[in-house]
Amino acid sequence: MPSFRSSRLPRGLRITLLLSPAAVVIGVFFLGGVSQAVAQSFGYQPFLPDYHWSTDAYRAIWLDPAVRASLLITLRVSLASTVIAAVSGVAAALAIRGLRRGRGWVTGLFQVNLAVPHLVGALCMLLLLGQSGVIARLTLTAGLSTSPAAFPQLTGDRFGWGIIAEYAWKETPFVGIIALAALSRGVADLENAARVLGATQWQRRRHVTLPLLAPPVAAASVLVFAFAAGTYEVPYLLGRSYPATLSVVALQDYRDTDLSVRPQAMAVAVVITLLTTVLVIAYLALAKRLSGRPL
Amino acid sequence: MGWGRPLLALLIAGLLLPLVPLLAWAVSGQWRYPGLVPQRLSGRGVRILTDPRSHVLSGVFTSTLISVSVAALACAIGLPAGRAIGVYRFRGRRLVQFLLLAPVIVPGLAVTLGIQVFFIHYGLAASTLGVVLVQLLPTVPYAATVLGAAFANLDLDYERQARALGSGPVRTLVFVTIPLLRPALILAGLFCFLISWNEYVLTLLVGAGQVQTLPLLLFAAIGSSDTTAAAALGVLVVLPPLLLIGLAGRLLAGRSGAAIGLGRL
Amino acid sequence: MTRARRRLLATLAAGVLALTGCSSSAGDTPASSLDPPNWKSVLTAAKGQTVNWYMYGGDDTLNTFVNGYVADRLKKVGVSLNQVKVTDTGDAVNAVLGQKQAGKTAGGAVDAIWINGENFATGAQAKLWYCGWVKDLPNARYVDFTDPAVSSDFGVPVNGCESVWQQADSALVYNSGALSAADAGSVSSLFAWAKRHPGRFTYPALPDFTGSMAVRTILYDTIGGPRSLSGPFDEAKYAPAAAKLFARLTAIAPSLWRGGSTYPQSEDAVEKLYADGVIDAYYTYGPGAVADKVAKGQYPKTTREAVLSVGNIGNISSIAIPADAAHRAAALVLANLLQDPATQLALYQAEGIYPGIDLTRTSPPIRHAFAAIAPSPSVLPLAALLRNAQPELASGYVTRIDKDWKSAVLQK
């Protein structure tokens, strides 16, 4: 343990002081925000004298078909994007690793869209996938469709394809980079050992490479899922007003001129928080159980 | 493996393809359906960016001011926190690390809805200061984590030597510790800058429409019927992140803590 | 203190100052000290203030006018304009309501709102507005306060809580290459055309203001005019009318854009669809602005407008000032400037937006200037728009239709 001869502060106090600014930010903004959202969802009003506690908001969102449909589309979109990003990212990482020449600039190109903000990504997808967008025009020129309406609905559609496309597009390099970082020397050595012992390429993949990639890729996937479930801009621009994802519904309710709808917005916010927290806890529990598995 | 390289080429092309319509629309004067290329090119997109009436330049100023402030403040807060989790082993360290990363998992929208009423009450709404404060929420976790990893790898002997030679704690911090941590500090500052640069919902909620950062202007432009203006603004918003990440590209090689931040962008 | 340390402290201090200074709190007016009948005192108090004007921001030409002509004239009396664009006026009302919820009674972020209809009613009900100043504006002499469209806003008495600005008249915008004048003659003929050409007509999802107007126009046509629903909200009258309306809307839905399974999020989105050639007709509250879009090349030259046989809904939109506004004096100066005949003329010239003031009370040169402006062939002249103008319903009906539309039509 490091200790400085001229240190005047006891260790515990020193650690507390070092953590205090971050603790203020996390405590006041994060924990405070979450507890306020919970309290206000039960009817609490911080500055108005007359309020009463009730579960009306939760009952209202449970009965609201818009919220149920919203939960469904949020899960669907997040899951699909995460799976696509994970599979594509891992495949890309393996392919890049297999390159003998040009790995540097291929990796660079692979990462270009990491710098593009999600808002701009949403615009790109609108311009690309919209019914009067670039791909629609290409199919018209190729004779595959006859009008904007004949092109399939990929943006503002019921399933959420446009949203999935944007998330998958942005998060594939993210998972890919993490997978690439995990495919270090140590993994190559293990693969060589397996090859020496007679394992085929497919067997090496399945029993050495993928299990070693699983932990970091799983962690990245959890982040991708949580992010996809919680953003606002992308589902608002690429989705439709019904069904909308949970974040869009929460903000819609919050901006209603009828302030009695605000507890419902808070309730939806609490649902989002629970969803992401449960996901992380499930991942941690699963990771703990699986990490003891022998190769 | 015959299909590996073509597949990769297809993937990379797919990753770069959506950017093409953006660039094309930014310089088009008229591009009605079903034209494959713009019927007319024009500099109108660029002119809109420089027109004082479109408030884009003041948006650039506001965004830059806020993002630089957020990066500086988040690193200033993340530095001591990173030291605490990186250097010391204490009971509850894993809990602190988990709590520090919680804002990364739980969407900022859900959290800000709860505290927005407080921002209004304390006069922080509709002010740049309020926006800077609320943007600490997604940025401090990254700063603390990246700097924590850096502190864990830091050789404390340098500090011990400096103190042994009679340097005070502040001088040691400024002239020994910080220069040693410079790569990580630059990385953390870069992440925080980019997260703040791209932030929309938190600025919308706390800024009450009066703090116009580039993402707010872009969101409004995307909703309007002027695609060229939106595309031009989109290209403008993308340029600083591209430049900064390109510059920091060398520093990113092999640092897994860094990669986590990239996905947030 | 070393030089490096002093420089660091100076930079930090400058940074903090820059941040805190970037919020307009200079020259807040204590609400009680303003005396609108004494206009000179209002002008003195307003000097150096910034007025935060929250208004719908989707109209580019209007934004140019506001940030150009209006901002320049305000600068001449020492007032700075900060136009805060909102996609929905309800957001501005929501902001003021939020301030009330946060216990803030002064120094509010919203100084003035361009408003009417349900949003005004919501604010009136929550006692958000500063009232009793409208008749004290010097330019109030140009306003006809006996006009029922001015004294009552969607059935809610104005009571001096908002000052008139614009007159809006609705119309159908259509591509004459796809629809004939006969197709655009009535709601029935329009729907018959839509059945023959499915997917080429739509309206914004309610509660968008224009979408609401489109639905109410169809309502008037369905029940033979607004007279049976005149007066305050009555459930007994509402139920049968709404049943017929929603039945008609769900019947025509399959012939609309995307088979009626979804509706565009805003009037902006609808205009974009028209500009892209995806739809051929849409309703608008801003018929005068279409000429500008045709001139810019965003709309086809064959664009025309029509007033359907049922008539067109028209209303007055105004400026309201929240009671907790930080810069009340500047807001008063703004409201007065917007009623100035010169401003109304400039607005008509810029975008074909019709004046809210009574032109018969203005001077002859102004009246001649209005008449002298030649309209484009794509736009209906004011006389044609006013010929069959229908009043708005009470805001209670509007709110109820907006809410029921979601479950009756959208979620089907």
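Should a chain be cited, it is by its letter among A, B and C, assigned in written order, with residues numbered from 1 in that chain.
FYI, a contact is a pair of C-beta atoms (placed from the backbone, for glycine too) under 8 Å apart; a residue touches a chain by one contact, two chains touch by 3 or more.
Just so it is clear, the structure is predicted and the values come from calculations on it, not from any experiment.
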item: Chain contact topology (line, ring, star, complete or other); value: complete
item: Pair sharing more residue contacts (C-beta pairs) when A-B is set against B-C; value: A-B
item: Chain A and chain C, separation of their C-alpha mean positions in angstrom; value: 38
item: Computed distance of Cα centres, chain B from chain A, in Å; value: 16
item: Separation of chain B from chain C, taking each centre as the mean of its C-alpha atoms, in whole Å; value: 36
item: Contacts with two or more other chains, residues of chain B listed in rising order; value: 33, 117-118, 121, 223, 227
item: Chain A, residues touching no fewer than two other chains; value: 46-47, 132, 148
item: Sequence positions of chain C contacting 2 or more other chains; value: 91, 98, 101-103, 265, 276-278
item: Chain C-touching residues of chain B, taken from the complex the two chains share; value: 30, 32-33, 53, 62, 65, 69, 72, 116-118, 120-121, 123, 125-129, 132, 208-211, 220, 223-227
item: Chain C - residues contacting chain A, complex; value: 88, 90-91, 93-94, 97-98, 101-103, 118-119, 122, 199, 205, 257-258, 261-263, 265, 276-278, 406, 410-411
item: Chain B-facing residues of chain A, complex; value: 1-2, 4-6, 11-12, 15, 17-23, 25-26, 29-30, 32-40, 46-47, 88, 91-92, 94-96, 98-99, 106, 108-128, 132-134, 136-138, 140-141, 148, 169, 171-175, 177-178, 181-182, 201, 216, 220, 222-224, 226-227, 229-233, 237, 247, 250-251, 254, 265-266, 269-270, 272-273, 276-277, 279-280
item: Contact set on chain A toward chain C in their complex; value: 45-48, 65-66, 131-132, 148-149, 153, 156, 158, 240-242, 255-259, 262
item: Complex contacts: residues of chain B adjacent to chain A; value: 1, 4-5, 7-8, 11-12, 14-22, 24-25, 33-36, 76-78, 80-81, 83-85, 87-90, 96, 99-100, 102-115, 117-118, 121, 133-134, 136-137, 140-141, 144, 156, 159-160, 163-164, 169, 194, 197-198, 200-201, 215, 218-219, 222-223, 227, 230-231, 234, 237-238, 241-242, 244-246, 249, 254, 256, 259-260, 262-265
